[in-house]
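Input: structures, listed below.
First subunit A sits with subunit B, and in the next complex the same chain sits with subunit C.
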Partner chain A sequence: MNNQHNNNQSMISWMLESILKFFKRFAQRIYHICKKIVCGIVDWFVNFYQRFFKASIPSKISHLVMGYGNLARKQIVKGLLYLFIEIGFLFVMITSPIINSTPIGFKALINFITLGTLEGDIFNPTDNSMLMLLFGVVTLGIISVFFATYFSNIKSSVHLDDVLKSGKKVATFKEDLADLLDSRFHITMLTPAIIGIVTFTLLPTIFMILIAFTNFDSQHPAGQVLFDWVGFQNFKNIFDGQSEISVRFLPVLSWTMIWAFFATFSCYIAGILLALLINKKTIKGKKLWRTVFIMTIAIPQFISLLAVRSILSEYGPINNLLMTVGLVSEPVKFLGTATSVLTARITVIVINLWVGIPFTMLMTSGILMNVPADLYEAATIDGANKRQAFMNITMPYIVFITTPYLITSFVGNITSFNIIYLLTGGAPTVSGGYKAGSTDLLVTWLYKLTIDENEYNVGSVIAILTFILTATGTLIAYRKSKAYKEEETFQ
Partner chain B sequence: MMKNTTVNAPKFQSVKKTERRSTIIGYITLAVMSIIWLYPIVWIILNAFRTEFNDQGQLIGIVVSNYIPKAFGFDNFTNLFNTTNFPKWFMNTLFVATFSFIISTFMTLSVAYVMSKLKFNSRKKFLNVALILGLFPGFMSIIAIYYILKAMNLTQTLFALILVYSAGSGLGFYVAKGFFDIIPNSLLESARLDGATNFQIFLKIILPISKPIMIYTALLSFTGPWMDFIFARVILGETNSEIHTVAVGLYTMLYGSQSTVDPNRFTMFAAGSVIVAIPIVALFLSMQKYYIEGVTSGAVKG
Partner chain C sequence: MKNKLLILLVVFASIVLLTGCSKSDPLTIWVGAESEEFYVEQMATYVANYITENGEDFPYDISVKGVDTGTAAATFLEDSEAGADIFTVAHDNLGKLITGSSSIAPITDTALLAQIQADNPQTFLNVIKGNVGGTEYTFGVPYIAQSLVLYYNKQFINEIQVRTWEGILAVAKTANKQALSLTGTDGFNNSFLLLARNAVTKESSLRLYQDGLIMNNYATGDDTLSVLKWGQRFFSDENGAKRPTDSGWQVELKNEESLSVISGAWHFNAAQAALGSNLGIAVLPTFTITAEDVYGDFTAGTVMQSGTFADAKMFVMKKNSDKADYLQDILTYLSSKEMQEASYDAVANLPAYKNASTEFASMSGTSIEAQLATAQILMFENGIPQPFGFDNKFNFYYYSKGGPELILEILENDGNRFNTDASILAQMLIVENIWRTGNQA
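For the complex of A and B:
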């Protein structure tokens, strides 16, 4: 008794110690990062200042008139490009052209802070807070692109100083263009991709993150009622434990985690077993079996899942079968609003097996063929039988090498949209559930809230929380994966 | 039980017997699983050709419990072609898929090549930003994308859909990058010594040997538009069925615009599904080798 008490005590102190250690390390890391950032900023300013004083006259003028350094050294086209960018930028910023009755440019920055002030009446339309927010972000984006060009202009001019000093020839425009296909090929290749990512991924993501800090919801439709910044109010609402949304948040979150856990591990285990079965030496027609399962991957999910849904419906063939066999006396409601919560949840997890097993089978098939042969040889020399070889070699190897996949598929299941949306649509519904049914995952809930209900701010908060969940998982997987560790060794 | 397979008593006969028995069990398991996995597909096909009429002589389109339809015919297909814009949807999807697969494949491969084989300052930074951006739920930003497109006057056009599908492809370079990482640098170095530019290396060395990954990327980006109904539905809207893709069209046909099911259109939906699924499945199966290669390389590398 006493002994155990002591044990407990040492256990607790050990835990406390390790927690303290963790926080200490965490604080140290934060400190180092902050130091690095501050030092970096100071260094940057010092460098900028020094460079300015060392630079030649044309380069100094380049700080004010972009492209002057290039023009003075007869790089006409490049210099004019810089100059036009500067003029264009200043023109947009000062005149603030109006698109969709909302200005972009300097005025957009003010609107970005106020999110509109004009309450509409019969003659004047209300300010569109949503567009003002969007254009604010766009303007900030334009400003940062401009500054990037500005610094590249200075760099280019200073570089010309050096070239002239060392007595080399200034590159012609033609040579610059040729450079874009060789030493600066990465710029040519990345530009279209970056433009695409910035416009259709980065910009919308920033915009939606900002929405989480406003009261943009169904009560404040854009262009009809103004909305405003509310700080962390939406986050508080979700966690206060009283508002309608916070009452539903924890249940949805926990079901999401339960779903992700069962969906991941059931498919993982069953998929590996199937792969082992197909790869068995005595089984013939491996390619045929594999093709059968690949076929289900190939069929668009909106087709296959809706088919499964109708097969399981009240008057579908499965219920018919169950009734003829005599297992049930009336149709089982597998999915749909009148279903019990447990039935619906088990059904979606089981149907997910149908979707997920082929994937895992494909993944692990490749791995199984690559189990290092010398491992087996060593084991047989040591006198291991087949089962032992499997339990001690194949299994640990598979588990070891598929751990990143396991984590990625867990993360994938947290955000798996199609299965829930197409099978149940979140049903069975929960009264007063803030639109969240009992099988709704965070992502399907978020979709309903934004697309169907226009509760954009709440949707954004949920998206951010989902992101935190998935990001943590993915970062762990990424750091564990061979790809990350060997990233440099490959090079 | 005849389980005499322990190391101590390896009777040859019984080992062979259990071996054979486990093989038979294996075949049975595989057969049963194949039936379960293929059943929904068979069922959709049967329903597509189902031609049963009610007392008023109207085609019954709802789900019925028969395992095998009482009569077969092409009525669902003719109905689909006559009462909906299905041929238009099909051509729309083909159009969108073709363009977005050309653009996406090119973008993905070029980003992957740059990230894998070229050295430049902000390379690591770009990799990390791409990784983090890829983690935001895609349709979280769909509203913002919708309004950006609206500001560009592009909503309800197929062009917008092509833009959206191919714009994100710059982020999906990880699998292709893993492929390029394995290409030995010495190959590129020797070409560089011979005076080849990076562009020439990409065009004449990298592209020819990256056929598997090119096909994998192309396959995924070509089939994507046939499967997606989330982005497409928001961007194209539900009202104008002229510009729908097959996924949006069939889904809206079945669910109406108020997300209430029109159960009598199920067999028509099945008919459309068959037409959509045949080319995609054929494509997948013929490119199986490349698909498996791409998927598994992604799994092992994480």
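For the complex of A and C:
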């Protein structure tokens, strides 16, 4: 009795210690990060200050007139480019040109804070809060790009100071261009990609995140009613347990995770089994079998899904067959009209096998063909049987290589839209839920909320939560995987 | 070098010249997808007339584009700047379009206002107006009328049987088919029951945003609840009505699994494709409340007429269009009686003007299109326009906050959850609350 009591006590104290350690480590890490950030900022200003005073007169002037350092050293084109960028930036910021009745530039920064003040009337327009938010983000993007160019201008001028001090020749514009195709080729190649990411991914993402902090919804259509910043109110609404969205959030989230788990692992395991089967020495016509399964990838997924939906419908061929052979007396409802939620859920997971297995099969086939034969020979010499060889060589090899695929596949299934939307449209409906059906995933629900209901703010909150979920899950799973820890093993 | 400069100069001058000479962006008109070709021709005629009357070119090119009218308003609301100068919407979208400071412009032309007032029935006049900033304006010009009708299989159901749901159900039982398929589960599809009225007195206690007031809803009268109880029997009968299956109502009609479907002119082509020459079109049937269905003090044996939402499609104008000076004249032209009649002849759009059925000879024929027109006009007597144009909340609360699903739960009565009068009343009280506040509680 006493022993058990002591054991329990030591267990509790061990747990407490572990928790304390965790928080201690966490706090230390946060402290170090903050320290790094603060030190970094201070260092940056100190360096900037020191560099300014050490710099030549042209470089000092470059702090105010961009490109002066280059122009003074006969780098006319480069200098003019910097100068035009500065003039263009100042022009846009000061004059705030109007696009779609909404200014961009300096005024956009004010609008970014107010999200519009003019309420308009029947004959006059209302400030478009949505465009103001968007242009505010774009203006901040322009400012960021300008500052990047500004510091590049200073760096370039200071570099010329050093070149001149060392008695070297100042590079001409032609030489700079040639350099971009030679030693700085990486910059040439990466620039379009970075511009693309910033324009088409980063800025829209920031815009989307910001919408989560506004009341931009069906009651506040852009250009008709002003909307405003509401802080974390939308996040609170999701978790307050009062609103319909709040009530449906956890069930949808749970089903999303269940779906992602089964959709990923069922395809993964079945794909591996299929690949092992096809790669068996005794199987004839391997290429034919592989081709058959690859054909399912070649057919657009939405066509396959709509075909399957039609096949499984109440008056489709499967039900006809079941009724003809007398297995059922009335049509079985498999999908959106299913009387049982479980039936619909199992059906979509099973259908997902059809579109998901070939990818795993194809990849695993490639892996199986590349397992070093000497490993098996060595195992045979050591007396391993086939099962042992499979469990200790084949499987670890497959799992090691496919772990990143498994993770991306899991994340992909969390955000899988086509399968649910085309097969069930989120149905069967649930009592009490007004848009999220029982097979709706976060992403299909998000689609309905934004596209059908114009509840952009709530949709944005769900999108952010989905992102946090997938990003965190991916990072943790990947960092814990052997593929990450033993990255060098297969190189 | 000089040559190069000269070429550059010529190219630049050509671009400037071309830009200067070309007309500015076109005047855009969005119409229903099925009517695009018709309105392209009519607008070409309009431009030709303009040139004859004014002795000069119409200042803009005119671009007519066919759109899904159901989503035209939504598309316009997402980006009104990119929207059309004139576009077509169902009248119940008015609330969304005039929220706040409105994204569409009111009609101000006195001649057009007079034409609207003179040509349209009062039911439509009531729903094309909206209140912005305390003043009432007319925003839309009705040009197409639509209501629900019954598409049925003439091979099974004759003209007598189609008059009552009981008659259709009896046929369905004999043939072991489904009496009725719905095309959807939304609030439009349950309107044949919810809006049902006494077939003799034409009265119903139902109130739906009456007088444009958000609190003025009532769906718990004895007649409404008796109708729902009748509907429950109809839906729970194995040969009765049912929600749409994954196969789709077209397949059900075509395969003769189902004998009829309730829908509007927008599904006419699909119904015809499914049934071919067996397609029959009729007014929605009546049904009789039995003692089993009676709720409260309602009288058994009362014959009820299935109801409908009576829709008007209307043209509206973009607010602050730079072509505003020309839009109202075009609207006058597009919504004239003659144009509505031509539209009926060309693409079977039911004219919206009052007395069209008596004044317009083409509608009294025996063609299937004429049957469709006649059935719709007769249904107008048993319908109300969707009263959602006054405020964008109305449409949202009625369709999107779960009310239709709760009504369907009563009708389907899964697990016998709605076997008692009290449970039906409780559920309908929730529905009423959703209509008023958007919330169940």
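In this section, the second predicted complex is superposed on the first by the 451 of 491 C-alpha atoms of A that agree within 3 Å, B and C clash if a C-alpha of one lies under 4 Å from a C-alpha of the other, contacts with A are read in each partner's own complex, and residues count from 1 in each chain.
By definition in this document, contacts are C-beta pairs under 8 Å (C-beta built on N, C-alpha and C of every residue); 3 or more make two chains touch, one makes a residue touch a chain.
Quick caveat, the model's predicted, so the values are computed rather than measured.
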Is A:A463 in contact with subunit B, with subunit C, with both, or with neither (first, second, both, neither)? first
For A:N100, is the partner it touches subunit B (first), subunit C (second), both, or none of the two (neither)? both
After lining up the shared chain so the two structures overlap, which partner does A:T337 touch, if you call subunit B first and subunit C second: first, second, both or neither? second
Subunit A contact check, subunit B vs subunit C, more residues touched by chain B
Quick one: is A:C39 in contact with subunit B, with subunit C, with both, or with neither? Answer first, second, both or neither. neither
Between subunit B and subunit C, whom does A:L80 touch in the aligned arrangement: first, second, both, or neither? neither
Scan A:V328 for contacts with subunit B and subunit C and give back first, second, both or neither. neither
Touching A:S313, do we find subunit B (first), subunit C (second), both, or neither? both
Figure out whether A:E244 sits in contact with subunit B (first) or subunit C (second), or with both, or with neither. second
Going through subunit A, the residues touched by subunit B and also by subunit C turn out to be 100, 310, 313, 315-316
Please output the residues of subunit A touching subunit B within their complex, sorted ascending. 99-100, 130-131, 134, 178, 181-183, 185-186, 188-190, 192-194, 196-197, 199-205, 207-208, 274, 277-278, 280, 282-283, 289, 291-304, 306-308, 310-311, 313, 315-317, 319-320, 354, 358-359, 362-363, 365-367, 383, 385, 401-402, 404-405, 408, 415, 417, 425, 443, 446-447, 450-451, 456, 459-460, 463, 466-467, 470-471, 474, 477-478, 480-484, 487, 490-491
Counting only contacts in the complex, subunit C reaches subunit A at residues 74, 77-78, 80-81, 96, 99-103, 105-106, 132-133, 135, 137, 185, 243-248, 251-252, 255, 257, 319-320, 392-393, 396, 400-402, 405-406, 409, 414, 439-440
List the residues on subunit B that touch subunit A in their complex, please. 5-7, 19, 22-23, 26-27, 29-30, 33-34, 36-41, 43-44, 62-67, 107, 110-111, 113-114, 118, 120, 126, 130-133, 135-137, 139-145, 147-148, 150-151, 163-164, 166-171, 178, 181-182, 185, 197-200, 202, 223, 226-227, 229-230, 234, 247, 250-251, 254, 259, 266, 269-270, 273, 276-277, 280-281, 283-285, 288, 291-292, 295-296, 299-302
Can you name the residues of subunit A that touch subunit C in the complex? 100-101, 119-126, 218-226, 244, 309-310, 312-316, 331, 333-337, 339, 429, 431-435, 452-454
